[in-house]
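Shared between the two complexes below is chain A, which pairs with chain B and chain C, respectively.
Right after this comes the complex of A and B.
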């Protein structure tokens, strides 16, 4: 029997070793880092314990810029992508011919490398000395003036970032919503049709309540994902995001850790913990809101 | 007569309404398909335009009459795209194989074996699912640097060979396998490990394949950790390779060659997806994130 006890732990041992070394220990360590003041990564010394790192980060204009960018990105992309995905999924589930083809096409962005395809978006939107780029060509056709979306005004850069982010997150949302819509019992729709209920009313009173747990799940994962945005921005604007005014919170963490502006694991830790606190708060708020509006059958 | 006429009219207008609705629906679907596909089209198109003709276009052309494969040759000779691909392949295969071994053992222990402290350990595992990568990456970076593992495959691979979520997913599936099979195997004197290999793994193959596909996608596209750990181009993965190409390779303006590299990097996963379409979509629906 003794041997049997050991065996269970033996099977768990590899997983435990890896998790211990790369998850549990780091989790404790990141809090330690965040309170060590004046940490020097070369000599591995520090000269105080306190909350200076947090106050530094909270007063750092780069962090505030990153915070603003991230919040804008979240507030714009989460509702838009969820709404669009719902619209497209509804359209998708109301047709038969070509449905599989559309589904396949819509899923493609999920399996592409964010960095690689981001370059394509950069080229489409970029205005260079010799060509205004494709998107500007379209804008000109409709009588507008060319805008440099990659090195130009803030709103233009934010627009591209949001556009690309939505493009990247849509496949997942469409996939989940389509399968959720397919699982709604047809009996409800048939009953509504007999009563001559309008399409909009059917959507409001049947579809939306039935799929509300899924929508809510997508909103939560969408919030979390958008708060962690980083590689999309790198793909569009390059690694020096601070110079482009397009940094995100996660980008700020990595910039503090590594690269030309790096070498400050304490600031990075403080920023990471702040990010975690923000995400946790938002998720809790989401959960509270959902209690009122989500119908779990 | 009168009523008959009305009936026809109503039917006609209903049909017209449905047709109009269908046109609107297909229009919407086609529009989104266009937005999704266009970047892919543009990337392939640009990759077959010659350097001269691309830079000569003040107004971008929507097609080319003289496609060239020169850019693909450049992508492999001017920058070490081949090296990036090999690195990524090694990284993806080794990480996935190790991870499958680690999580299978752990999931089996949680689903099938009895030992003291199991429930506590499982709760601990589940609570780890909430920990975002950003919190632990800082220390991991320090750990790997202190161990001298920068620019090595060990440093790249080890932090990502366990996934709590996949252990959970697999355990749920393992737990569905009837206990009778286990007892029967025990009576026959089959060892736990042999039972796991010969019974559990084959029965739960669909879940394992799902996990493998998700992990391969994740590995192929991983950017942040490889960027922190590698600064030697000899060890770059494709994501970092493409970033390097963008900032230093080809001379900044050789966009067609850059697009050729992008096409080459995108092809493996797109092929994987088109071959295993059902599996991939099913897998992502069950265990995917990135939303």
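Right after this comes the complex of A and C.
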């Protein structure tokens, strides 16, 4: 028996070594840095130990802006993208002709190069010397005034960021939901039909509970992904996100490390730990809520 | 509520280039199911019995013919307006709902004047649950129930909306042998108690024979014979029906009729009045054999199987189509186990003649 244990640990050792060196050690290190005041990574020195880093970050207007942006992004994009994905996959599973074609079309954004996507959004939203962008053309068509979506008011920029995020994350959700919907046994729908159940009730009482584990998975990963958003904002608004008021928490952490105002690993660590705490809390809440509404067979 | 099927036909279109031919699952099915009776649709798999059931409940639309419930033509009515209760082969209980919620599910769909309050629904559910004796399980989820209990929940769910017609699709096929016996009695009891016209589909002739008022034997979409179980067993219209009903199955021999005398492999068996000279298929039920020292049919004895009440003699004959002839005789009769041949006399009403080419019955 003892021998078997040893063998088991031996098999796990390579994975442990790698995970330890590249995941657990850095995590622990970040946690330690976040309490070391004025840590300098070059000289490996710091002034003292305490919670000053957290206090600084929590009073930094840039961080608060990033926090607000991230929260808005999460609250808007996760429900909307999941909801739209659900609607589209429901529609996809109910059409018969050209089903494969539609599925391919809806999955295309997932395999499209980020730069190409950025170009598309540029054409849609960016104001240039020659045009105000396609969306503005539409707004003008309906008699509205042009809006500068990239350098203009906060709400316009937030709208573009949310739009972009939803558009980018949806294909994967559609793919997962379509296969999940296909796995629901047709016999339940037949049973419900014989009992005269309305389509809406079938969806709410049968389809949704049956695919609830998938929906829950998408919501959790959606939350985590949105909290870690950064590259989307950079793609739209450039690297100086603080100036554009469009920074995210991860963006703030990056700026603190390497940005123009960078060189503060202690602050970055504190912000990273804060982000971790937020994600952990939200995930725990999700898990609690799911206990009542998610049905595992 | 009587159910009338008039020239009911269902064709499925061919699929793709490989199978362009259409499939006729149900072919010109006409039948009246009398009010309050239990009818068994019986046939091998692929014979169209489940399709017939789906046509009656409305999940499938017929390509021809009519379905009437009482005097009402329901052919084009969607399933929810037909007032049928359907029990699926795998029960189709909603796994995320409790037994109570499963049973009240159809009631919650009622709208307008039929709308029930929550307590009325629970009362009706409890009533249905009592009928199938599962009132102690109301708070469980289907996954926590045994197969037999799930079956009862499914029946309760079908009954709770007081359907005019109850349809059961292979209701016993997912149960073990012992439970199957028990549950079929249960289905019979519930049907007798509620007096709901019931149609059930099965491939198991034993099941159909034991509880049905009427059985309908189907083959490849065509109805072969309709009648009371015993009548169909005692008077099959063709070789298919004769072979399909009865355990152990009927023994089929190659025989010849000459001068109104039937002979099997040279042994003259009996007189068959009015039958023209021809080659025939001879079906003899296992209980149609009588052990007799000077009996006309001589078979090579293989072994004897004792089944308590009866003994089953297993023998072979060169003209028999079955690999072994099974004959059931009284346990009291003494059999010489060392003998190499046994001789049988045949009970005339247990012997049927069929045409060699198409299996149609030849009456005599």
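Basically, the second predicted complex is superposed on the first by the 266 of 297 C-alpha atoms of A that agree within 3 Å, B and C clash if a C-alpha of one lies under 4 Å from a C-alpha of the other, contacts with A are read in each partner's own complex, and residues count from 1 in each chain.
Everything below uses one rule, namely that a residue touches a chain if its C-beta (ideal position, glycine included) is under 8 Å from a C-beta of that chain, and two chains touch if they have at least 3 such contacts.
Remember, predicted model here, so these are calculated numbers, not experimental data.
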{"item": "Residues of chain A touched, compared between chain B and chain C (which is higher)", "value": "B"}
{"item": "Contacts of A:204 with chain B and chain C, given as first, second, both or neither", "value": "neither"}
{"item": "Touching partner for A:196 - first (chain B), second (chain C), both, neither", "value": "second"}
{"item": "First, second, both or neither for A:188, with chain B first and chain C second", "value": "second"}
{"item": "First, second, both or neither for A:14, with chain B first and chain C second", "value": "first"}
{"item": "Residue numbers on chain B that touch chain A, as the complex places them", "value": "22, 25-26, 28-29, 32-33, 35-37, 39-40, 42-43, 46, 55, 57-60, 101-103, 105-106, 108-110, 113-118, 121, 125, 128, 131-132, 134-143, 158-159, 161-162, 164, 167, 192, 217, 220-221, 223-224, 227-228, 238-239, 242-243, 246-247, 255, 258-259, 261-262, 265-266, 269-270, 272-274, 277, 280-281, 284-285, 288-291"}
{"item": "List of chain C residues in touch with chain A within their complex", "value": "57-59, 78-81, 84-86, 88, 90, 92, 94-97, 105-106, 108-110, 143, 157, 161"}
{"item": "Contacting residues of chain A [partner chain B, same complex]", "value": "4-9, 11-12, 14-16, 18-19, 21-27, 29-30, 33, 41, 84, 87-88, 91-92, 94-95, 98, 102-117, 119-121, 123-124, 130-131, 133-134, 137, 167-170, 172-173, 175-176, 179, 218, 221-222, 224-225, 228, 230-231, 234, 238-239, 250, 253-254, 257-258, 265, 268-269, 272-273, 275-276, 279"}
{"item": "Residues of chain A that touch chain C when the two form their complex", "value": "185, 187-188, 190-198, 201, 205-206, 209-210, 212, 295, 297"}
